[in-house]
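Below, each structure is written out as structure tokens.
Next come two complexes built around chain A: one with chain B, the other with chain C.
Right, the complex of A and B next:
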């Protein structure tokens, strides 16, 4: 009896290990942010190269975490304004997305290829949580996942106000491009 | 015995099965918490100057700050001089950020046709996280040169008489998002002083503070206590109270001050107006920061 239950437990433990393998992650994902108004003489864009992302391929659940202070801008003053005046990064240091791939069943994670996906979930930024939905792509190559998506967020939805004085430079919406290469989580 | 084993394994099965379900709720927890990093405390002041004096803040590397300073006449002259607006003194300056803790600057004031330059360096900056430090310590070394014609051209004049130096240590801390306080012990050395009663070395202690009232507006205060250089009823401690307003690319520092001088030597030693006599002046600093080289890594 003792042996049997030990074997049984071992079996369950190995099963558990397989389940953990069903998750992929990165801590070096990339997010591009562009809020350049059409009339702006200068580009207002930043990049964050330390995005954390975890995907559970079984359920299609995915989560992202971004430290707002990690956004880098070409001009130091823009970075200062981004942190100090707009996203208030010391008050709201992290932006998170928790959602899932709605058509997860159509993605064959074991076969190389590019799969269009629909992602839906909640984005929490600047203390505000809003539903977002976007189209993206999941590419499988050699057991690794590359997830990309592009969508836009309206600043007003997240209580980030753009003064009229700079409204000719900063758009009302920011285009967000996500690009994450994920590896199996062990 | 048997039963307890069975129960035990059942319990384990349940437990193990539950775990992955829980984990799905918070996938991010699976990759572990972010390691706390040592981070420099930024944006203690909106500008590298509190109002007149240096602040604990530095320009970002690769940027240039073009500063235009105006000081109007004293308010007590009333309507006759349009409350001081008929008269204006100014300084034009260029400051450069070289490293996150190193900057230099040069400027020229119309008062005494004075040119000034300085170098400012912070060996330690306030930081958070592991190995943090509670304050920023910055050192400033500056020089001023009076370029106006000699007062007594007939006598033998020396070039060195035109020069004065100042050395300053700034110890400052950003206590919270809104409040910053700094003290700055300062020595001003004049190669030539007007009379024997005045020492060549003047010691002063500066106090600067900022209170942020909104994302773009802050109240500032800048005071220097002069220990040994004041002449009774003739010179006074400079006190400035102002508002920093940030508008995209510019920072406006609007203020009232009894100081006319716009470099350390001038405002510490030659403030001839007094708040007590209502001789404060309106003034503004206009700062425009340009990115002149590609942003270097922090």
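Right, the complex of A and C next:
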């Protein structure tokens, strides 16, 4: 009887270990934001280096969280306009994405390689939630995951209005580039 | 109107335009200030700010968001990314939650010399709180510099 319970406990423990192994995360992911209009003489771009991301490799579920005030722009004025006039980061400090890799089964997380993925989910920004879908890449190298994706978001979808005065500089859509190096969650 | 007054008023208009153009240009090209040279609006420990955010995030956001703050704490870990940017993590090593400070590129080198377990002060701009049950809840600072205790 004692033996059985030991085996049972071991089984439970190993199961838990496997479960914890199934998740990868980072708190230093990067997101590049580019809203430069084609005719604009200057670049409208910012970068955030403190993106949180978790991927559950079993289910393919993934989550991102970004603090809007963490975007850095080359010009101070641009950063202030971004925060105060457009994304209103004091009112809506966080942007979140909750979704999943639709073709998770095709990714072999135990084998080094580059796997094209499709990601689908809900993006909440500026108090609005919208469905987004994008192509991305998952690269596996030495037990670590690198996840990249590039997609665009239309400001109008998130009730962000760009004044006509600057519409020749700021595009109607922002191109978002995500780059996260994930480590196993222990 | 004499010729002289016309000449002077014309000169004054040109001067006003030139001065405002100069200031507009300067404002447009304004760079971010080096946070290391700004004085901190608040000075507190990593535990204190984590507690402030976890008990009342809204109030803490109003108080600390966008402010220059100086945080004193124990260096839990020091992470360098692919591009060489350091993220200095302060807090109790037994807890998942911490104060995460992304270094300013011009002060990046200061982080390279730090040792885990050391007591340090970091000055930066508070960008907010990222609450997560699984990964721990963090207060995040950017444009940081190190102040040795």
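Convention: the second predicted complex is superposed on the first by the 177 of 186 C-alpha atoms of A that agree within 3 Å, B and C clash if a C-alpha of one lies under 4 Å from a C-alpha of the other, contacts with A are read in each partner's own complex, and residues count from 1 in each chain.
In this section, a residue touches a chain if its C-beta (ideal position, glycine included) is under 8 Å from a C-beta of that chain, and two chains touch if they have at least 3 such contacts.
Keep in mind that what you see is a predicted model, and the values were worked out from it rather than measured.
> Determine, for the superposed arrangement built on chain A, whether chain B and chain C clash or fit.
Partners clash after overlay.
> Scan A:85 for contacts with chain B and chain C and give back first, second, both or neither.
In the superposition, A:85 contacts chain B only.
> Considering only the touch criterion stated at the top, classify A:75 as touching first (chain B), second (chain C), both, or neither.
It touches chain B and chain C both.
> After superposition on the shared chain, which partner residues are touched by A:47: those of chain B (first), chain C (second), both, or neither?
After superposition on chain A, A:47 lies in contact with neither partner.
> On the superposed three-chain arrangement, identify whether chain B or chain C touches more chain A residues.
Per-residue touch count on chain A favours B.
> Based on the superposed arrangement, let me know which partner A:37 touches: chain B (first), chain C (second), both, or neither?
neither
> Between chain B and chain C, whom does A:62 touch in the aligned arrangement: first, second, both, or neither?
Only chain B; A:62 stays clear of chain C.
> Name the contact category of A:28: first (chain B only), second (chain C only), both, or neither.
It touches chain C, and chain B stays clear.
> A:162 in the overlay: touching chain B, chain C, both, or neither? Say first, second, both or neither.
After superposing on A, A:162 lies clear of both chain B and chain C.
> Of the stretches 76-84, 130-138, 148-156 or 220-228, which one in chain B hits chain C?
The listed stretch with clashing C-alpha atoms is 130-138.
> Taking the two structures together, which residues of chain A meet both chain B and chain C?
In chain A, positions 23, 25, 27, 52, 54, 65, 67, 69, 72, 74-77, 79, 83, 90, 185 sit in both the chain B and chain C interfaces.
> Which residues of chain C touch chain A in their complex?
Counting only chain C, the residues touching chain A are 27-33, 61, 65-66, 79, 81-82, 85, 87, 100, 102, 125-130, 132, 134-135, 138, 140, 142-143.
> Over in the complex, which chain A residues touch chain C? Could you list them?
23, 25, 27-28, 30, 49-50, 52, 54, 65, 67-70, 72, 74-77, 79, 83, 90, 93-94, 181, 185
> Where on chain B is chain A touching in the complex?
Chain B residues touching chain A: 2, 5-6, 8-9, 12-13, 16-17, 19-20, 24, 26-28, 30-31, 34, 39, 42-43, 60-63, 97, 177, 215-216, 246-249, 289, 291, 294-295.
> Quick check: in the complex, which residue numbers of chain A touch chain B?
Result: residues 1-2, 5, 8-9, 12-13, 16, 19-20, 23, 25, 27, 52, 54-56, 59, 61-63, 65, 67, 69, 72-77, 79-81, 83-85, 88, 90-91, 96, 163, 165-166, 169, 185 of chain A touch chain B.
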